[in-house]
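Chain naming follows the written order as A, B, C and D, and within any one chain the residues start at number 1.
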Amino acid sequence: MNLTEQFLKTREKTETICSPLQTEDYVVQPIVDVSPPKWHLAHTTWFFEQFVLVNFDQSYKVFHPDFAFLFNSYYNNLGERTLRHERGFMTRPSVSVIYEYRKYVTSAIQQLLDSKPDIEVIQLVEIGINHEQQHQELLAYDIKYILGTQPTFPAIGDYFGLKEESHEQKWLSFSEGLYEIGHQGNTFCFDNERPSHKVFIQDFQMSNKLVTKGEFLEFMEDGGYKNFNLWHDEGWHYIQNNGINSPLHWHHKNGDWYEYQFNGLDKINLKLPVSHISMYEAYAYANWKGMRLPTEFEWEVASQQIEWGQLWEWTNSAHLPYPGFTQAKGAIGEYNGKFMLNQMILRGASVATTHDHLRNTYRNFFPASSRWAFSGIRLVKNQN
Amino acid sequence: MNLTEQFLKTREKTETICSPLQTEDYVVQPIVDVSPPKWHLAHTTWFFEQFVLVNFDQSYKVFHPDFAFLFNSYYNNLGERTLRHERGFMTRPSVSVIYEYRKYVTSAIQQLLDSKPDIEVIQLVEIGINHEQQHQELLAYDIKYILGTQPTFPAIGDYFGLKEESHEQKWLSFSEGLYEIGHQGNTFCFDNERPSHKVFIQDFQMSNKLVTKGEFLEFMEDGGYKNFNLWHDEGWHYIQNNGINSPLHWHHKNGDWYEYQFNGLDKINLKLPVSHISMYEAYAYANWKGMRLPTEFEWEVASQQIEWGQLWEWTNSAHLPYPGFTQAKGAIGEYNGKFMLNQMILRGASVATTHDHLRNTYRNFFPASSRWAFSGIRLVKNQN
Amino acid sequence: MNLTEQFLKTREKTETICSPLQTEDYVVQPIVDVSPPKWHLAHTTWFFEQFVLVNFDQSYKVFHPDFAFLFNSYYNNLGERTLRHERGFMTRPSVSVIYEYRKYVTSAIQQLLDSKPDIEVIQLVEIGINHEQQHQELLAYDIKYILGTQPTFPAIGDYFGLKEESHEQKWLSFSEGLYEIGHQGNTFCFDNERPSHKVFIQDFQMSNKLVTKGEFLEFMEDGGYKNFNLWHDEGWHYIQNNGINSPLHWHHKNGDWYEYQFNGLDKINLKLPVSHISMYEAYAYANWKGMRLPTEFEWEVASQQIEWGQLWEWTNSAHLPYPGFTQAKGAIGEYNGKFMLNQMILRGASVATTHDHLRNTYRNFFPASSRWAFSGIRLVKNQN
Amino acid sequence: MNLTEQFLKTREKTETICSPLQTEDYVVQPIVDVSPPKWHLAHTTWFFEQFVLVNFDQSYKVFHPDFAFLFNSYYNNLGERTLRHERGFMTRPSVSVIYEYRKYVTSAIQQLLDSKPDIEVIQLVEIGINHEQQHQELLAYDIKYILGTQPTFPAIGDYFGLKEESHEQKWLSFSEGLYEIGHQGNTFCFDNERPSHKVFIQDFQMSNKLVTKGEFLEFMEDGGYKNFNLWHDEGWHYIQNNGINSPLHWHHKNGDWYEYQFNGLDKINLKLPVSHISMYEAYAYANWKGMRLPTEFEWEVASQQIEWGQLWEWTNSAHLPYPGFTQAKGAIGEYNGKFMLNQMILRGASVATTHDHLRNTYRNFFPASSRWAFSGIRLVKNQN
């Protein structure tokens, strides 16, 4: 697939993800982590307009002068922007205008690509595609959160389903030694995956399965949410202050546990991997089992021998720069570097992750409190 | 006009007010005072369903069992309800479903009225009409706030325009004495307008005009927002903490003052009455002029001799029960009584007030900090 | 007693109130309503220094240049001041330096009074005495709050004891008519007690007793704190958000109710008047009894025939200016006028009130949520 | 020095640190990070009482039954405790009672040590000594914060002075390779310093000096606090929201920078190392220089060749468990493990650190926003 095809496919997929939504669903922001779907649609478009068209297409006329302000996310170098927590108050431009905006920019980029642009354009379009793919995944989280907040729990179809973790439990062993970590070669990756470098890793054993909802329910029933010894001090306060006693999207009704999925509210399936847990909960669960979460380096080493891709897997590694990491100059340099503090790494991928992002060097990250993402738990034991 | 006609007219008018909106505009809640227009549409309908149809129409089937929960406002006696500050997260039911709900209930009430119901039904429908008319006015405030929050300041037409206060300034004198205050007779009024009772009032003079934007600008230019001596202690802290230095909807651009109106952002017209000010600002302005705001009793006495109805006029009276006030039993008794604390009275009416509410005994009330209503200032002087 | 004697007695009494305290008790501010005792000691002194000595004693040298900043309360006209909620962080100047400051200023005022000063000085000293007497009462509230917050509930002696309300319950009747309200004559009163003016009052009956702890306990046991129909909307939210289910200083232990008093934690005495309740609670209690709180005007009219002075009695009147009220010029004009919004009137006096303040025209006021004051409940019925 | 001597010396030193304080200074808590000095005095004593005497001295009678509740810090396993942010409201027990408590427990421990206790007691006393030494350092930070908050900037003497960083700037080179990190052998260390393990480190160069106030001032004057490109996203929001534009304890007066030190407010000495900066500021400074902060592993490797001990040095490492880390059982296991999230490591020591803590494996940690500690900046460059 050439770049133009890849670009068009990406643009189309974003719109497909949104296709089951009603106009009203595009607008709201029930928590600050969630952005309105219309904002995602516009912001990913703005990215191409601002980084590519404005700079490299002299004949380009911006679709609307206000949009640079309205749909910038956090790029300080590109000027003022709507406050993040006010995205859900923006009713104008309407959803249909935003779809026109998409069409307009998609077509302009397509023409630019047809004109044999130089390498800088191609690299920026590549980043733009990857950026939009990241937002596709966020759209999945946000749509689920928005619909899961409705007291009516609307069903919109059978999206992003997980498969049961029914294979036999095994503990895979890995030996201590120096390993090469990070992305190598010239193919695309995000800035935080480089440079590739050596890391010394001690012996460890990793599970070949994700923790299931059934297993997590045992933790709950054993008082896991009430035993402070299992928790980080910060996590303990967080669950107390927010009254958390189950994963997000779980609801206790008439003595049974239900879970909101895209196809509505249903009884939980105990064999599916547990999802929508914070790193605090993942850590407490591992503690309760007498085990621990992997480091991101252990995960990367083990990734060849394990099945992954259902859910992002919380690690016990902080999002920190690799040795020799340097930020790019200008706005594009704001990509990941400024988030290298108080964010925890998740490795792998989820059912909402685009295939292009299935790299075992990919470093996803969220604050430890995040629960709206498609996250799961994989356990590690120290070698006996 | 008979009750059925009045009912149908009211229902229709609510929808007319919303007709310039795009679907997205119906959904959001930028501040807690504002309710999403779709919520108003549904809540006023729910009121008829819950108080009239459920109780008095045995053949009635509720439109949807969840709606009692979704669209209750603050009637504790009628069970659980959506938290007020979460109204703006409700995307479902969609706007079009809510319009169906309106149709369904309107038609059921119409049939019930056709069936010669007893007096209790008629009284409740009357309250329901007045309740919906109150929400029509709130809709005007809320729509203005929602659109006025958009960075693009959309123009939707020439609604709720004010006329210039261009008549000659006069000071009307009123003599001390015992006056009868409150609603008399059997026609409809809200519970807080009764009982009618005697109040002794001292000599005073009242302006025959509202304060204009031009006059208010003088206050601003004289440093009115910076002189704590003019303000209540609470008001002073409020404007400091919220960075307030002009009425709501005013914007300072390139050295000029603009105001958002339904037809867009325009330079202020100095001859129009100033609006969108809190009671704090009204009080500080009066102080600056060496005058004061009227009491609600003075206003009622003077109302016969003044022109009113452009803007609600802040008084210096607190919303307290009239002597002998008693709450009705049950849910309907929650109407005004529970708001008789820390709310200030506004008298008169605004251009967004329905004609049926033009009563000089009408006691509107808001917290002193409210600025999104169509409120204005009328001055009073003590007699020399 | 001449003015000098009155002045010296007042200064001494403030120090007597503080005499049971340990140094540590003088320093802290557990809630924003409470000021550290050392702050009261200094602020009342600063008032004399700033309003009298600095202006009228040319030979006077300020004790310390920083104190004007440190011990100003809310007089904006007198410049910057310590933020109210940071008073409890001020360890310096020490308690002993503040006592020196008191001595220094007391002596300077005494000399000034001996020098036959003109009437303005005499009036300001009179205000200063009354101001310090108000702070004596606040000291009683604050000391009780500070000590009542200690997990060890220290006993410091038998201060400010109440007597049982054991006289027979009677309902005193008052007839409708025009009454003269407010302070008359030339003796001292605060600015908000004037001008005297006529008010028309309807028939009412007032209890000759305060509500007792035993009676209030019946309200509690009947679910008074759980029945929203009894509460203002604002009050209901307040008790929910703050988890309030009894008066302040009450503690439930092993099935019994205890109350912190200055002599320690003891079982409640059911015959004493209930205290430390907010206006919300007073109102809900009255509602539960099918009665109401008096207006401040009813209270003033009835005061001649009732016993009062144990506890400040919540009224259902807001703190608003009397007809013809005007603020004094300058800093002294900031006294009460700027608090004439969202404050409720209490009438009478408490056991912590100085005898000089026993005026039936005295208008005390607090926000409806205040519970740390010595407040009580007296009921009123409309005439049958 | 034997254990008893070490114990007694430690107990004495804590009291020496507090000796310049007035009683009032012992009580307050101006920010949640700061604990009142009297709380430190009591809490370190409670630690010996609770972990040693209560468990291992059968004849011991607790000094006061309430103290276990009052002076527990965060040991959930040992029951309820005063909320951290309410420590500054505790006036009782008084400072003098707390000194009696210290005497009582010191003497009881001394007797226990004289009785040839078994190894568990000795190990716990050793932890207790180290625990108290940690609090000695916190006392230095807290006392400085409390006094530095006083508008009068009291001078209490020449404590904890720094020396100028006047030696010649050099860049020390270190070669990539596998290094052994963490505490080895049987001498005392905290739980987070173990187990010792191998880490692979890349080439780097480290400065032989700390960044000085003069150098930091250049950053400030170059607009460092206004250039978002230099900051973490979280750090940028933090300084915006808190109005930070200089290190803590710096004050701009009449065009000059002053700093509060224990001997009062003085002009800054440009040659001293900059202190009282958050990790955000340390990071931004390093960014501005085109360099970076060391990792904790680099620091440990380089520590043999550099001078350190003036200020704790922020690293770019998160506080995470070493491979193979396990928590001890019971309350003592709560020591460091539960803080292994969203805390950044500082290495080295400060002038307020006891000599017993001068270990190059010591892992101090604070949230990135902490500014009240004695923290500084050392730069690292990647090898060219």
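Everything below uses one rule, namely that contacts are C-beta pairs under 8 Å (C-beta built on N, C-alpha and C of every residue); 3 or more make two chains touch, one makes a residue touch a chain.
If you're wondering where the values come from, they're calculated on a predicted model, not measured in any experiment.
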On a CA-centroid basis, which chain has its centre farthest from subunit A's? C
Compute the distance, rounded to whole Å, between the mean C-alpha positions of subunit B and subunit C. 36
Interchain centroid distance [CA atoms averaged], subunit C/subunit D, Å: 45
Can you check how far apart subunit A and subunit C are, centre to centre, with Cα atoms defining each centre and the answer in Å? 57
Overlap residues in subunit B, where contacts from two or more other chains coincide: none
Judged by the touch rule stated earlier, which pairs of chains are there in contact? A-B, A-D, B-C, C-D
In the complex of these two chains, what residues of subunit A are touching subunit B? 22-30, 38, 66, 69-70, 82, 86, 88-95, 146-147, 149-152, 154
Write out the stretch or stretches of subunit B touching subunit C in their complex. 74, 76-77, 178, 197-200, 202, 228-229, 231-236, 279-280, 283, 316-318, 320-321, 323-324, 333-334, 338-342, 344, 368, 382
